[in-house]
Amino acid sequence: MFRFLIKRLVEIIPILIVVSILIFLFVHMIPGDPARLVAGPDATIEDVELVSKELGLDKPLVEQYITYMGNLLKGDLGTSLKTNRPVAEEIGARFMPTFWLTLWSMVWATIAGLIIGVISATKRNKWPDYLGMFGAVSGLSLPAFWLGLMLIQLFAVTLGWFPTGGLESWKSYVLPAFTLGTGVAAVIARFTRSALMDVLKEDYVRTARSKGLKEKNVIWGHSLRNAMIPVVTMTGLQFGFLLGGSVVIETVFSWPGLGKLLIDSVAFRDYPVIQAEMLIFALEFIIINLIVDLLYGILNPQIRYE
Amino acid sequence: MTQYLLEAQNIKMHFPLKKGIFSRKENFVKAVDGVSFAVKAGETLSIVGESGCGKSTTGRVLMKLLDPTEGRIIFEGEDITDFSADKIRPYRKEFQMIFQDPYASLNPRLTVKEIIEEPLIVHNLEKSKRQERVIELLEVVGLNKYHANRYPHEFSGGQRQRIGIARALAVNPKLIIADEPVSALDVSIQSQILNLLKDLQAEFNLTYLFIAHDLSVVEHISDRVAVMYLGRIVELTDRDRLFKHPLHPYTKALLSAVPIPDPSAKKNRIVLTGDIPSAANPPSGCTFHTRCPFAKDVCVETTPEYRDYGDNHFVACHFAEELEG
Amino acid sequence: MDNDLLLEVKNLKTHFISDSGTVKAVDDVSFKISKGETLGIVGESGSGKSVTSLSIMGLLKDTPGKIVGGEILFEGTDLVGISESEMRKIRGNDIAMIFQEPMTSLNPVFRIGRQIEEAVILHTKLSKRHARGRAIEILTAVGISRPAEIIHDYPHQLSGGMRQRVMIAMAMACIPKILIADEPTTALDVTIQAQILDLMRNLTEVSETAILLITHDLGVVAEMCDRVVVMYGGRAVEESDVHSIFSNPKHPYTQGLLASIPKMGERVDRLPSIAGNVPIPSRMPEGCKFAPRCPFAMDICWEEEPLLKEVSPNHSSRCWLHEEVPENDSVFVGSPKY
Amino acid sequence: MSLENIEARTPFSEFWRKFKKQKLAFISFFFVIFLIVLSIIGPSIVPYDITEPDYVNVLSGPSAEHWAGTDAFGRDIFSRVIAGTQISLIVGLSSVLLGAVGGTLLGLIAGYYGKWVDRIIMRICDILLAFPGILLAIGIIAILGPGLSNVVIAVAIFGVPVFARIVRSSTLAVKSTLYVEATTSIGARPLRIIWKHIFPGTVSSIIVYFTMRIGSAILTAAALSFLGLGAQPPTPEWGAMLSGGRDYLNIAPHVTLFPGLAIFITALAFNLLGDGLRDALDPKIKE
Amino acid sequence: ACSSDSKDEADGGGKEQEQATKEGSDIVVAVASTLTSMDPHDTNDTLSGSVQRTIFEGLLGFDEEMNVVPMLAKEYSANDEATEFTFILNEGIKFHDGTPFNAEAVKVNFDRLADPDSGLKRHSLYSLIANTEVVSEYEVKFTLSEPFGAMINTFAHPAGLIHSPKALEEFGKDVATNPVGTGQFKFVEWKPGEGLEVTKNEDYRIEDQPKVDGITFKPVTENGSRIAMLQTGEADFIYPVPTEQADSIDGENGIEVDSKPSIVVRYMTMNTLKEPYDDLKVRQALDLAVDKEAFIEVVTNGHASVLDSIIAPAVQYYSKQETTKPDIEKAKSLLKEAGLEDGFKAKIWGANNSSAMKAMQFLQQQFAQINVEVEVVPMEAGTLSDKIWSVQDPKDAEIEMYYGGWSPSTGDADWGIRPLLGGAENFPPKSYNVSYYDNPEVNGLIAEALETADSDKRAEAYEKAQSLLWDDLPWISLSAENTISGKKNYLTGIYLLPDGSLDVRNLEIKK
């Protein structure tokens, strides 16, 4: 297992290099001159040129890439063109809020999704199933910003239970985590339902029943763990997406997270920040895939590492 | 030397073993590990053996659906082993396959006509003649033209197997590799298909390579029989010889294990101990030594030679002579 | 002998009701099993063998199937009406079952040990430790050589034969009164099949467990069973002791079946065979279900279904021929019409 | 009994029978048909001109004349929502269609040819997946310019890797079936095999995912509108209407409510339809 | 309740309502975007500028009417040629780090600004400073390389705020995150994305000020969320308040909305090098088609006033022009005269935020009346700037109509006219003249006004220029915007200046 981990970690490096080149090219392909944006609309051409020189944007692209990669290898992500702060600091400050928000969203969404999914699968084509799936699909069909603004109106402004936004205490997590999680809960519920329905048709479920086990044990003990295998992949994927930060929710809830930073950086063509964020997303994806693979091994002994 | 229709020379097929996502592929499943035999025109050669011993894989290699790890395939004296997909295409007319599973081997989305027509299209038969040929084939296998526009799921297992046979016959092949064509069928249908295969052989002078695990079926249909164990042929000879004077201990055990549908029959059975070893990790020496009641030290150490015991009775056992009595 | 009667199935009817129609999967099946006896059920695919066994086990709940008639008397109580919780006490304890597919019938994510212990703990209230002991014991009994190690393995680490042995161990763990074995060896090779059949025979001899053996292999029936029920199209068409079935089959279907299997050592050029196809269960013919394939079909066969009648002592058959042509036991011998 | 006289059960009738049993999906199916009809005739049956402003009557709530009230320019929201069906459906359908076509091709190629072709295609898809969708959209819209067709392209690109994955996995499944092997043994060329045998085998999973994806495509387009990257005004695209009205959320909630509801119901209908299709097309689910 | 003309209602919503109460003495200000920098010399967004104003002071500043008022400087003088500016400084002032404020400190700051190599975004404002001379401990003299009449306002510009020289030396470019000034509040902490906190400067030079313990600035981008924060009391002061909601929240939940004229103007430019906009008649026709009153009602919900020059009334040297009433008939006949009786097709560019889209749609609707079919092309900021500034040859410029806004941050007419309409010198990419308007007469007047520091002469030149521009219509003037802020009614003395920066000098919490 240790060897497996090492091997997987080593594999990350070439992927990140390819990703970094792609990102670099993509980011520079988007029209828009950061110097102009940084200097502001009332800047004169001299200002812009000055800024451009200051930021090193006057150099050829290849040279810029080499500098960028050189710094990257030294562990230096550069400085934000917009705020002049080190990129590491900009991202560092926003990473944990995004991470915790994602984590809490995933936690409730997974629990709720699993419960709804199990109930739906066991009460297939009866009203709890319809209700559960209707609820789940509704969760997928609501525009997030609308839901967020509605929740703020109800729970923050009218009832005053939770803050409207920002990150102050545990209460700050409730509304954004709820909003962010609804879609995920819906997806998990649907995946769980269909995976469990497949599993319930398996022979070993019949075997479990033939032993005289209670239905509760048959489902939660014997079936769910098997059904979790596809659910885990999907949950991992969702987790990966959410870790990138959700622009819409961060905007609505004034959340100091990565998604908002990305949008702001794009608006300013803040290349170092965009590039660093993208690299981090790619890394997150890889790590999550790794965790999913490990979970796979735990859930399914057939694919356990040697 | 007689001209063989098909010769398999020391065929090996090793699949890289990918055990889950966590390990590197370093092991191989030796599905077929050095199989040689030759099929004469017009005869039926059967291959029997237990599940996983490499029967289907051998069939697939001979059909050029898999590229063997080692060995040569000679068809009508021509070595076709290394032919590319394009080069082999015209030869495919000459040998066709019937599959074990009549449910999975027919595309559920195509009508019977489309299924049977496909080889005709692939081998460029004129459009005008195809329709006729399809109806002709349907009749040959005991169906009729009313069935042409139906979908496979509307047919019973036996009927589907007939469709599969019609497809194989469409291009007038010389050789048919039948991979357990009756195993999935009901007992009462099995005999219909066996009879059909026999009739067709007589009518079109077909050569069969018949893969099976049911010894009573094999005895009924074959001219010669090869017994496989763990990727190798352990015994090959005429049907009568094999059933009356088996030499290899495995063949003997196999024959004695077949349940006889007669409650008053006398059973003196050789019940083997142990399980079939895995093809990924076959035992040393004679691969059968782990279950062989007569195994000696030499069996553990050296692989027995596959030799002609006389009268084209091939066997791979160190003690074939001693055990004969 | 009647004191030994364990299970009596009377006129069982199990239908699958869906909006596309009713499938009468089992329609009038009756048989009895006594202590220590092995009853075989043979029949073609779809003839209702598995549904019969699932009906006895009360495992139809998750399917659209429903017992619509008949009784299943287990030691005098009718299992058809009893509650799920009472049924659970019987399941796995008094009546246990092994399934056709050893490859898929074990839960892939749990260790072997746990899967055996589960049933033991449930029905015997043994402690976990003792249950483990019992698991090892029973694994030894089914001929597994390193039981203490095997209980830590996962199903995929075992071969098919071993898995089926584990399944048998699981079923035998609580020493049931009846073991229902639904095609226990169909997926196995002949040499392994021989081992498993041997094993089952020995086990039941020791514990006096009765076996309901479902199969389509007449060879297996001949070797294992005391009595045989032949099913066709959801009906029991013939029932008798094993010897008279093989030596003196009454029903044309049974006769055809016996004739059409190639027998080792008997060379024939062409096999006799039953014409036609296995009927589609949702579209069973009126009258006798075998009529469309029967070489002796008469007008009445198409119109009215015959009843299962005793045609000689302890030998019943469901055929109009017995009414018309008394004792016509040599119809197929010598000159098969197929 | 001969087979000739049993009533023909084509794959379609089998599907239809199972599909009819999915009540929610069945209703959704008719709703989707209704939506499609509405999107065709909608613009010509609306009571008001959808661009004509009425500065006297801005932000008035639902009333007898304006069933869903008016927006900031005094335009009739009901008419705009109805007329917007067309554009929103086109965005949803065409972006998914585009993504599906691209993804299906990639998935078929990756799945059929395997080996390095597969690895390269799948790595590209992974990278595409890891790319934040919004950035991709901004990039694409920045490069190609604003406008609905580019929104469609952006949303389509999100779909490509997902379709590719799905199609690849069903390609692998179909590729390993005996009937594909049988066709290979006949000597059929890869193109024929892919087109005649493998592609039809993947269609059901494509259709299922297709319908489910439409809902999220409409929502993605709405999220792009939220960021100001959506349809050009005054196009009555629902997402644009919804995000345009968000500044009035507490004074004129009807401005967002109706387009929001339209998005919700449409997404819901397509999702439920997809669910139902999955159950009806999945051979594993037998009643 | 608040309308554009109730300038003096600094403290009052119209409605009677309960007095809200506040615990503690720290206030929270929610703002619309994230802060970029705390280095005034290197900042170009108003928001960061207004936060900097709480930490720093400049030599001069603005009052509520955008008049230049003394701050760190007691008094100032300039020579007639507008090349020499002398400041007498207040004495006894200390920076937050204890460094004394004196002429040397001023010199360090302006040398930094004037040095092109320092790479500061605001360098160009001060690039004319040829020499800064410490005359005495509390007197500095600036010498410009060429006359620049608007220089006084430039000194009052938020970019001219004074850093502690010690901090500059210690932190270098990192003063951006370690601001040390002389202002009422000391910098405490700035968490990226979360907000910036300042605390009371106990040693502030004016007794009793400031009256609150600290301020936290929080970025809250979404309008609805910002308002919700004010409603729940999570924020005490928010800005901007979206015009749509300004009236509805005023007077509820203890909220007062303050809507006051600003120096921000909204207009639509036309590319005067391009057909048909090169024809004055066409421009006149377009102008006549737009109902500006309606624009203000529909687009800004009344929180603006009709722009009756090309600069806002609060800008220095503004001179009111005659507004025209919309006249569709006349507009049509003008088009006919220009040979375009069937109208034409056009594209209007603008930002992709909701208010710009609204404005562009409004214009689209108005022009439709004279058969001018306009396609609205909203663009994301970076793309838009690229489209505008990547033009090398004016003839290649794609731009036709453009909806934009301008805030002349110096408060002087020069910065309100020159970059936008100041001739070929200011065509993109050099500056922001997207009308590609080049009128020698106007150019002459602009130059003339810069050659003197004499207010009267300058006023005269700008008056002429404004009138010329008004008639020549390089753009359609739409509105002079209001700045709208919302606060809890226990706050007094906090308001927005016309340039959008925040004044908290007299901030107090009513108990």
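Annotations
As written, the chain order gives the labels A, B, C, D and E, with residue 1 at the start of each chain.
Everything below uses one rule, namely that contacts are C-beta pairs under 8 Å (C-beta built on N, C-alpha and C of every residue); 3 or more make two chains touch, one makes a residue touch a chain.
Bear in mind that the values here come from a model prediction, so they are computed numbers and not experimental data.
The chain with its CA mean position farthest from that of chain B is E. When every chain is reduced to the mean of its CA atoms, the largest separation from chain C belongs to E. Looking at B-D alongside A-D, one finds more C-beta pairs in contact between the chains of A-D. The distance from the centre of chain A to the centre of chain E, with each centre set as the mean of the Cα atoms, comes to 38 Å.
Averaged Cα coordinates give chain C a centre that lies 90 Å from the centre of chain E.
If you average the Cα atoms of chain A and of chain C, the two centres end up 53 Å apart.
For this pair, chain B with chain E, the centres built from the Cα atoms lie 87 Å apart.
The set of chain C residues that touch two or more partner chains comprises 277, 280. For chain E, residues that reach two or more other chains under the stated contact definition are 224, 380, 382-383. In chain A, the residues touching two or more other chains are 30-32, 149, 153, 251, 266, 302. Within the complex formed with chain D, the chain A residues making contact are 15, 18-19, 22, 26-27, 29-32, 125, 130, 133-134, 137-138, 140-146, 149, 153, 190, 194, 197-198, 201, 237, 240, 244, 247-248, 251, 259, 262-263, 266, 274, 278, 281-282, 284-285. By the touch rule above, chain A contacts chain E in their complex via residues 30-33, 36-48, 50-51, 53-54, 82-85, 89-90, 93-94, 97, 149, 152-153, 156-157, 160, 163-167, 251-254, 256-257, 260-261, 264, 266-269.
Contact residues of chain D toward chain A in the complex are 21, 23-24, 123, 126-127, 129-132, 134-135, 138-139, 142-143, 215-216, 219, 222-223, 226-227, 239, 242-243, 246, 249-250, 256, 260, 263-268, 271-272, 275, 278, 284-285. On the side of chain B, the complex with chain C involves touching residues 50-51, 156-159, 186-192, 194-195, 198, 213, 215-217, 219-220, 243, 253-255, 257-265, 267, 269, 271-273, 275-276, 278, 291. Note for the complex: chain D touches chain E at residues 51, 53, 55, 58, 72-73, 138, 141-142, 145-146, 227-229, 232-234, 243-244, 246-251.
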